[in-house]
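There are structures below to look over.
Below, chain A partners chain B and then partners chain C, in two separate complexes.
And now, the complex of A and B:
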């Protein structure tokens, strides 16, 4: 395993003192209201807090907070590409980078990008690429980086939303905003925008089939740009799940629009 | 003045028949959509359809395009070409560094075979040039100075003083009166923006 010798590494196994006194629910109830009081089988997404333009060094940036999931995204560029190949000449290149802060998960994660981060980066790239007008940026590269500050579930879905917001804040031309929503299916019922426990706590118990689904959606074009599913899901529940996720995205849309117009207005007061 | 309308990427602005698409918008299925987050601007010129565009207060990032006049700084020279960093496109400063190349045969329009890079550019000169190609995999932006208005605008002599152009191919140091060769630009007001 690669190690970073330039950083002071914490012990391999360490837990936040808050979490030491914390016992995960042995069996997550698969009936009744969810732990945080939201409704099961309904498009009940967590309320989000979103801001644009926090990182002054970046061309554009965004911060999103949904429940305890906190992410920050930065966009740099368009800048000259370091690597050259034929496709770059006609259209730009989009690079994505998702990282988990060491303190983001209940268990400490290393600074070095793991396979999970790389998977998420790839998925983020897939979701964002169709939305960006890359042919307007020949010979250049746009870098998107997302840092997960606290992972309380649905990190990928919120990373997609956050990154597209940062791109729009950077003034990168896009066909549409990209919104993300995820869902966790438990047997015949589902939870939208699952928390960390709802996402990961199921491995130990239950014989019911379970699966996770994340959808990246372009609301104005009415297109799905990214779909990621794991676990076990039947065809009907999957299609129903996708529809539910789209509904969840539409719930997010007005909030994102409002934040973006607010950011534009703050950058340029309408009096000028 | 009424407050200008704000829009976000993907917002439908109007139908194709109402306006012509300008900057920051795109056309899809006969409708014009915004591709930027910014203010909606409609400009009418004569009898034609108004042009609809989306503008941001902070200037959208420009990229050097074919035919654009750029201001660049020479970073290195060799007998075949001079390497430059592009600093400005027109009058807009670039946020990031873009590299370009001025080949020997693109330095001037006449007597191309007698051009010597050392007699045209030195490291550190500020040069006005025009983009002729975005280049291919191996090369960067290709630039040319083969016009009277293009070439060296600011150069420093060996003594360190800023030199004064005395002809299209020579500059003189005000301290030592030594003459040095340069491909001097006859600076035109429309090019003098940076």
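And now, the complex of A and C:
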């Protein structure tokens, strides 16, 4: 386990008091309206606040806020690739990096990239790669980084949306935007765009089977570029869940398009 | 990942073959290659299994150790997965080369087992909040010829079936101190119920069709694959798109359906085989380890 010696890491073993007095049953009902007043069994995504181009040093950047989930994404490149030994020089390389700020979750997250972050980076990479015209950038590398400032559920789905927006803002040639949407299945009902508690409360709760699903979708090409599910789901619920997530992505689409046109207008005001 | 060079002409040949439900090695689109399973192969583990699938060879060892349960779930034990890509499999894995693939594979395994029914974690508890069994599942890739996920999941199921956890007794003295006592009898052990342990099915999209258990050549022709973990009753515990391409929603639904059907059919013969081998136990003739 590599450690960063330059940072003060606090005591080796410590526990968040949250873990000891954890009582999720009180907040998680599998019936009735959701904690934040949204509807169950409906494509009720949280309203998002999106903005492009807020990091001036980066080639492109985006910020997304959905409920309390806040993410920032930056794109650097295309620049000369680090790895000279790569055999395939005809197309460019896309690197992704997802990190959680130490204070982003109820429990403190260590600075060192853990296996969960690596997994999310890989998922992000696989979701974005089909959308980027990498063959237009031979011998070069495009770096995408996503920082989760506050995690209130559906981090991966919003990371995908945010990163594709940052790529578009950077002027990287793409086939399509990539939008993410996630869903949590609780017994026979489902919640779209789950909050942190809805996402992680399943461990301790009743006997109902639960499952999580995240879909990355290219809306104008009608292609799924990323799919991940865990927990327990039947084939029917999984199929229905994928359809619901696609619907959720379409709800997000006009907002993202609008933000992007706004950013383009601001960068180059129309000369009349 | 080990890769092979496939020329354009070869790709076209493979693609056209698969379109007509005929693969290079004569299989149909939903057939597995020849599979060999052997359990109890490494004596120093609590359970082990070796699976060869075509030219893919995987060795899994399960070691049980006593640890402290996680604070959020004090009355359950847990599993730890580690996948090691040995440099034997391909020179690319030398040094830290196989690390990335190893973490990817183990992350998928954590996802596959992250539900309440895959394995009865309550049975791994010794005393709530204090001690529990931690099962270290170590996977070693000996040879890579495509379809690692399926081979690994089958090997893990076989190794867990084979796992024998020693029975422990907890004695508490007058002052409330607790002591763990290991049973003297080596045959006095606890078994893990593997009935609900899922198997992973990887479906490779090649052209307009999808194939099960793709070889490296076939994998080189496909842009994206879907992995699905299916239990014996058809519950899907994990699904994931891997590879650089994207898939049409309709083909994802088709692939899920095929994956479920193929995965479900895998369990019964596997359990039968494992039980058969178990009943042989001492009578089994062992010839060599890897051949």
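Note that in this section the second predicted complex is superposed on the first by the 249 of 272 C-alpha atoms of A that agree within 3 Å, B and C clash if a C-alpha of one lies under 4 Å from a C-alpha of the other, contacts with A are read in each partner's own complex, and residues count from 1 in each chain.
The rule we apply is simple: a contact is a pair of C-beta atoms (placed from the backbone, for glycine too) under 8 Å apart; a residue touches a chain by one contact, two chains touch by 3 or more.
This is a predicted model, so every value here is computed, not measured.
When the shared chain is aligned, chain B comes close enough to touch A:173, but chain C does not.
In the superposition on chain A, A:129 makes contact with chain C only, while chain B stays out of contact range.
Of the two partner chains placed by superposition, only chain B is touched by A:140; chain C is not.
Once the two complexes are overlaid on the shared chain, A:197 sits clear of chain B and of chain C alike. Residue contacts after overlaying the shared chain place A:218 against chain B and chain C alike. Overlap of the chain B and chain C contact sets on chain A: residues 131, 218, 221.
Listing the residues of chain A that touch chain C in their complex gives 15, 19-20, 22, 115-116, 118-119, 122, 126, 129-131, 203-204, 207, 209-211, 218, 221-235, 238-239, 242-243, 246.
For chain C in complex with chain A, the touching residues are 71-73, 103-104, 106-107, 110-112, 114-117, 224, 226, 234-249, 252-253, 256-257, 260. Taken in their complex, chain B has these residues touching chain A: 3-4, 6-12, 24, 26, 28, 33, 35-39, 56-58, 60-61, 63, 95-99, 134-138, 140-141. Taken in their complex, chain A has these residues touching chain B: 59, 77-80, 84-86, 89, 131, 133, 137-140, 168-169, 171, 173-177, 218-221, 256-257, 260-261, 263-265, 267-268, 270, 272.
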